[in-house]
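Mind looking over this structure? Questions follow.
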Amino acid sequence: MISFASDYTKGAHPEILERLMENNFDQMPGYGTDDICRSAADKIKEKCGCPDGDVFFLVGGTQTNQTIIDMLLKPYEGVVAADTGHIAAHEAGAIEFSGHKVLTLPNKGAEKDTDKYGSDVGKINASDLKKYLDTFYGDGNHEHMVFPGAVYISHPTEYGTLYTKKELTDISAVCREYKIPLFLDGARLGYGLMSKRTDVTMKDIASYVDVFYIGGTKVGALFGEAVVFPKGVPTAHPVPVIKQHGALLAKGWLLGIQFDTLFTDDLYFEISENAIEMAELLKERLTEKGYKFFLDSPTNQQFIIVSDDKLKELSQNVGYSFWEKYDDTHTVIRLATDWATTEEDVETLMKFL
Amino acid sequence: MISFASDYTKGAHPEILERLMENNFDQMPGYGTDDICRSAADKIKEKCGCPDGDVFFLVGGTQTNQTIIDMLLKPYEGVVAADTGHIAAHEAGAIEFSGHKVLTLPNKGAEKDTDKYGSDVGKINASDLKKYLDTFYGDGNHEHMVFPGAVYISHPTEYGTLYTKKELTDISAVCREYKIPLFLDGARLGYGLMSKRTDVTMKDIASYVDVFYIGGTKVGALFGEAVVFPKGVPTAHPVPVIKQHGALLAKGWLLGIQFDTLFTDDLYFEISENAIEMAELLKERLTEKGYKFFLDSPTNQQFIIVSDDKLKELSQNVGYSFWEKYDDTHTVIRLATDWATTEEDVETLMKFL
Amino acid sequence: MISFASDYTKGAHPEILERLMENNFDQMPGYGTDDICRSAADKIKEKCGCPDGDVFFLVGGTQTNQTIIDMLLKPYEGVVAADTGHIAAHEAGAIEFSGHKVLTLPNKGAEKDTDKYGSDVGKINASDLKKYLDTFYGDGNHEHMVFPGAVYISHPTEYGTLYTKKELTDISAVCREYKIPLFLDGARLGYGLMSKRTDVTMKDIASYVDVFYIGGTKVGALFGEAVVFPKGVPTAHPVPVIKQHGALLAKGWLLGIQFDTLFTDDLYFEISENAIEMAELLKERLTEKGYKFFLDSPTNQQFIIVSDDKLKELSQNVGYSFWEKYDDTHTVIRLATDWATTEEDVETLMKFL
Amino acid sequence: MISFASDYTKGAHPEILERLMENNFDQMPGYGTDDICRSAADKIKEKCGCPDGDVFFLVGGTQTNQTIIDMLLKPYEGVVAADTGHIAAHEAGAIEFSGHKVLTLPNKGAEKDTDKYGSDVGKINASDLKKYLDTFYGDGNHEHMVFPGAVYISHPTEYGTLYTKKELTDISAVCREYKIPLFLDGARLGYGLMSKRTDVTMKDIASYVDVFYIGGTKVGALFGEAVVFPKGVPTAHPVPVIKQHGALLAKGWLLGIQFDTLFTDDLYFEISENAIEMAELLKERLTEKGYKFFLDSPTNQQFIIVSDDKLKELSQNVGYSFWEKYDDTHTVIRLATDWATTEEDVETLMKFL
C-alpha cells in the first residue's frame, strides 16, 4: 500500500547506504570525533557561509530541540514559540522535562479561510514578538514571570508554510534588539529552501539566526539532524550537555557519513527539489479533481479537506495523516511527498482520490 | 591502523546492512509501530522465555539507562549502583539531569591484586546491598534521605566481569524482599552470555530482573538497544516518557530490522561468540609475551599493564583505550575484541606488543 | 503611608503572635511532627468534614503549588489551568522547573466589558475543560502530547472572582469522569468563603476536590498554607517529596501554632469577613465617587480604572498595585483589603482618590 | 521533658519576637524589597567586610543549599562535597531534584578512634580536593563525566567539627586555581565562630569563599538563613531563580527583622557564645561521669556513646538524637546546646545521665 502519510516512511538515499556499506569495516573513533564528521561539518559550514561556526550532529528532532534549547537558556528562562510549534504541541513536554517553559505566541491564521490561513499559519511574526517582549520588559515587575531567553521558529512550519526573507529579517532584528538568540528548527529545511515560492537561502538563514538545524531524518537520511551555530556554540562544553540528554551517538560517524553524502554535489538540495516537484504535481492533480485545500502550503506537505465517506474508502488503499476534523462530515488530511516520491506514486495516489 | 580501542569502532554485521538495503523503499509507519519491530520483539521474548513481557527499542546506552530508570523510580527515589557503574561514573550526570540520585555501593576489588580484582571488580553483591537496605530502613528516620527505588547492575560490568548465577539469584532475592526493581544494563550482554566462564543464560536474566536491555551498538548493530521488561512495562504510557527524553526514533523500524536480524538464527549469539574466542586468543598471546593483566576478565574487554615507553611506541600503530595510570611508569590499557575481530587482527596487534 | 497594594503587607493576627510568645520556649520536635500541628490538622479536618483526610503545612503559595502538583502528576503529565492562573503566569516557571507543563485553557472574559469580565475572568469552566479532554483523548494519537494529569483552579482567582457551587460541581464531575485529580489553590480562600456572593462552603470544596489549600499568608498568618487532601495524600512518602522541594520547615510547629489559632473559634472566618466588609465599603465609596471598575469582584481584591494623572498624585500618598495599562491615558490598579483593614483605613484611602 | 535533641527545638530570641510585635502593623512591600531587609543586609555586609557583596534571605537550609548551588552550576556541572555533607546525605535528593550530581569526597576520620575522628570527620581537605580535580582534568577525556562546578563545605560540619584558618585558606586556594566557586554552609555558623577552638572569623570566611550563609534557624531566629555573596551574586536575576525554587517568602521583611535584630549589638555572636559555654559545661560534666565521646567536637553538638540499657532509661526523661549504632550494645547519641540553653538545663540533663 502506497503511503503519503509523512516524509519519514522510507529509509535513506541509496548513495548513503552505499557509503555505509563501503565504510562498514573502517575503524572509527567514537562520539563524532572522526574525520568524516569533520568533513561533513566543513561542507555544511561552507554552504552556510559561516567558516567560524560550529556544526554537530544529533539523531532526531525532539532530541535536537531539547538539547539546543537547554544550551541557549538560563534556568529562569523559557523559549518563545508559536502555539502550534512542534516544541509547544507535539514533543510530549520534552522542553518542560528539561526545566523550561514554552512561552507561546498565538499563531496567525486560526480562521478556516484558506487564503489567510495559507500565508501565516504556524508562524510567529516580528510585531507580535516585539509586542510580547515590550510588554514583558515594560510592565513593571516581571521577576515573577518566566524570562524569554530564546525564540524558536520552524521553517517550513508544521503546516508546511514558509517565512519570507523580510519576515526572517524582521524577527531577527527584534531578537538582536533584545539580545535573545533565535533558533530555527529545520527538520524539513531542504523542502523549504527548494520551494518555488521562497526567497530565503541557507546563507540567509545562517546570517539571521543564532542556531538552526538541517533536517536529515525527513530529507534523505536514515536519521540525523545537523546542528549549525553560525557564530559558534555558546557553551564551553557541548559534549557533556549532549551526553546528559542521552543524545550522544556512540558511532557518531554514522551521522557524519550521511551528511557528508548529502552535502556532496548538492545531493541534499537535489532530492529536496524532487519532493517539491512532486508536491506541485500533486497540487495540480488535486485541483483538477476539485479538492479544497485547507491551507496554501508551498512545500512538501499538502493539506486537503476530504469528506468522511471518501476518507473511509481512501484508507483502504493509501496511507495519509489525519490532521483534524474540519466539520461534522469532513476531515483535514495531510499528504506529504518526499525525496523519493515518483510521478508514478502520485498517479497511483490519484487513482484513489 | 588497526584498533582494539573499543567494541564500537565498526559499522554493523553485513546481514543487517543487507536487510536495510532490501527494506529501504518499503514504506513503514513511524515510531516503532511497524511489523518488523513486532517481529523482533516476539523473537526476543521467545528467546527470553517471557511471552507476556514488553520489548521496545532505543538508540543508545545512556539514553536507555536514563529512560528506564525514570520509568522505574518515583520522584523521591534514587537508583542503587556500584560506584564504578556506568550511570554513576560515565554518563555526564544523565540520571541526575532527570532528577534522581545514583546511590553508590563501593565495588569490591579496589586493590590492585589481580586475583581478587578479577572476580568482583565492577560488581555489587547481595550482602552489601542487603546491608545498605537494612541500614536505610532500620535506622529510625530516613525520610530526609533518598529512597532506594531501583537497583542497577551491568553484566558484563564496565570491567568485563560477570555475575554468577548464584550472585544474580541472591541480588534478585534481596530486591524482591524489599520490593525494589532490579535493572540489568546489558550493553555488552552477548559477550557476557557467550563467555567461557559463565553459568548465566538469557532466560536466567529474564527471570531474575525486572528490566534489562540487550545491547546492539556494541554487538553487531549500527546502533540500538532492545529493552526487555519480562513482566511488562510499569507505566501505562511508555511512549510519552520515551518521547520526553528525546529518545523516540522516528524511523523506529531501523531498530526493528537490526534486532530482527540479530535474533534470526541466533546471529547475536554467534557473533558474540566470535568476540569471546578472539579475546581468548588475545589473552593466550599476551600471556605468552608475559604481559600482566590488570584484572581477570572473562569477556571481550581485556585490561593489561603496559610500560609507558612501550605505550608510546604502541600508540603509533594500534588503537587502544587508556584506562588509568597504574604507577609512575606504567599504564593500564583496555583492548576490546568484538563481533568482527579476526585472528589476523589479533596477530597484527601482537606484532606491536 | 497607607497601603492597599496587597493582602500581605502586614504581619499576623495578634492572637497568633501571642501564641508564638507563649510557646516560645516549649521544646518541640521538628518538621511538623509535633502535637500542635496535629491539633491544627484535626481542627481543619473537622471543619472540612474529612476525618480521614491528610493535612500538612507549607510556607508559601508557589512552594505549595509546586509541591502538590509534583505529588499529583506522573512524569509525562501536565497540569491544566486557566492561562491567567498563578502557576501559568506568575511563578517564574516553578512548575516547569519541576518538569511539568502547564496546559492552559483560555479564560473567559478577556473583553474589557465589565459585566462579562466580572463573572468569569480568571476561571475555567467545565465545558471548556470537557472539550479539551475530549479532544485530547478523541483525536487519534496523543502519545506525543503532554497528558492532562491534574486540573488547577484558584478560588478566589487571581482576579478576585469566585466559582459558584454549580460551576465547581460541574468541573469536579468532568475531572472524575476522566479520573483526573482536581486541585484548588486557596491562597485567599477565607476571602472567597466569606464573600457576600458565594454559595460555596469549605465542606463543599473538600467534597469536590482532591486537594486544596487554605491560605494563611494572605489571611492573618505571618506565613503558611494548610494543604488538605480530603481523601488522603496520594504518595506513600510525602515528607521526602516536600524535603526535596526545599519546602520542609525545620520548626514546623510555627505553622501548626498559626493554623491552630486561626481554626480556634473560627478566627479564620471572622477575620476573612472583615476584609470582605471593608471591600464592600470600599466599593461603595468608589462607586459614589464615580470610579469605573475593571471587573466585578466579589472578594477583597478590587480593580479600578484610574487616569494616569490621578495615579501620579495617588502614588505619593497610597500604596496600590499596578495591574495593567487600560488605554493610553488610563491604568487598571488593584486595591486589596485584608483581615486587618479598618474603616478608618478605607476613609484615609478615599481622601486621596 | 527537657530536650537536647537539636538546636531547633525552641522559637526565637525574645528580642526578635518583640520586633515582630512592634512591626506587626507597619505595612511593608513584599518579597524582601523593604528597608529592614536592606538594613539587615548592610549590617551583615559590614560585619563581613564586603561592602560590595550581595545579601539575601531565605527560609531554611535545604532550600538555601538547593537554590545557591543552582545559581553556581552550569547544567553539566555537579557540586563537590564530603560524603557526609548535608547535601549528600540528608536532603532527600534536593540537589539531584534540581538536576545536579553531588560529587563526593570520602571524609577523613571514618575510624572509630576518637582522636582522629575528632579533628577531621565531616570535612574535606585541600589535598584530596586537589587530587580529585587533578585527576578529573588530567585523565584524558572527561567529557562523559560530571564536571566539578562548585565546592560545598559546612562549617561547623554535620559532626560539629571546624575547619582551621589554614585549612580554609588551602581549600580556597585550590578552588581559585581551578576557578571553581567555594560555598560554605553556615547553618550553625555562629556556633563555629564562637568556639573556643577556632581561629576563623566571619571576615576570614567572607574572604575565602564565593558564597556562604549565616544560619538563623538554629541560632536564635524562628527561621531564616542569610545568604552572602561577598563579591556579588553571579546571576543577573536572582529573584526568578529563587521564585522558581518556591523559595521567595512573600513577607520577606520577616527575615529582615530577624537578621536585623541578630546583627544589632552583636546579638548573634552573644547568643552563639552561650551555646558554646553550655556545651563546654556539658562536656565537663560528661567527662566527670566517665562518658566516652564519639568524637571531639569543638562546637554545640556533642556526640557520646551510651549503653543501650542506659539509653532506654534516658529516653523516658530527655530528648536526644539517635546518631548511629556504635556496636551491638551501644549507641551514639547527639546532644546539642543552643542559644537559649541554661546551666539549669544542663544540670537537669545530667541528673538522667
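We just call them A, B, C and D in the order they show up, numbering each chain from 1.
Basically, a contact is a pair of C-beta atoms (placed from the backbone, for glycine too) under 8 Å apart; a residue touches a chain by one contact, two chains touch by 3 or more.
These numbers were taken from a predicted model, which means no experiment stands behind them.
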Those chains which touch subunit C and also touch subunit B: A, D
Most distant chain from subunit A, judged by the mean position of its C-alpha atoms: D
Selected pair, greater C-beta contact count between B-D and C-D: C-D
Chain centre separation in whole Å, for subunit D relative to subunit A (CA means): 50
Inter-centroid spacing, subunit D versus subunit B (mean Cα positions, whole Å): 41
Distance from the mean Cα position of subunit D to that of subunit C, given in whole angstrom: 34
Where subunit D touches two or more other chains, by residue: 75-76, 91-93, 97, 99, 143-146, 239-241, 243-244, 248
Contact footprint of subunit C on subunit A as seen in their complex: 75-76, 78, 89-93, 96-97, 99-102, 139-140, 143-146, 322, 324-325
Subunit D-touching residues of subunit C, taken from the complex the two chains share: 1-3, 5-6, 8-12, 14, 17, 20-21, 23-30, 59-67, 91-94, 97-98, 217-218, 222-223, 239-241, 243-251, 254, 319, 340
Subunit C-facing residues of subunit B, complex: 70, 74-76, 99, 143-147, 235, 237, 239-241, 243-244, 248
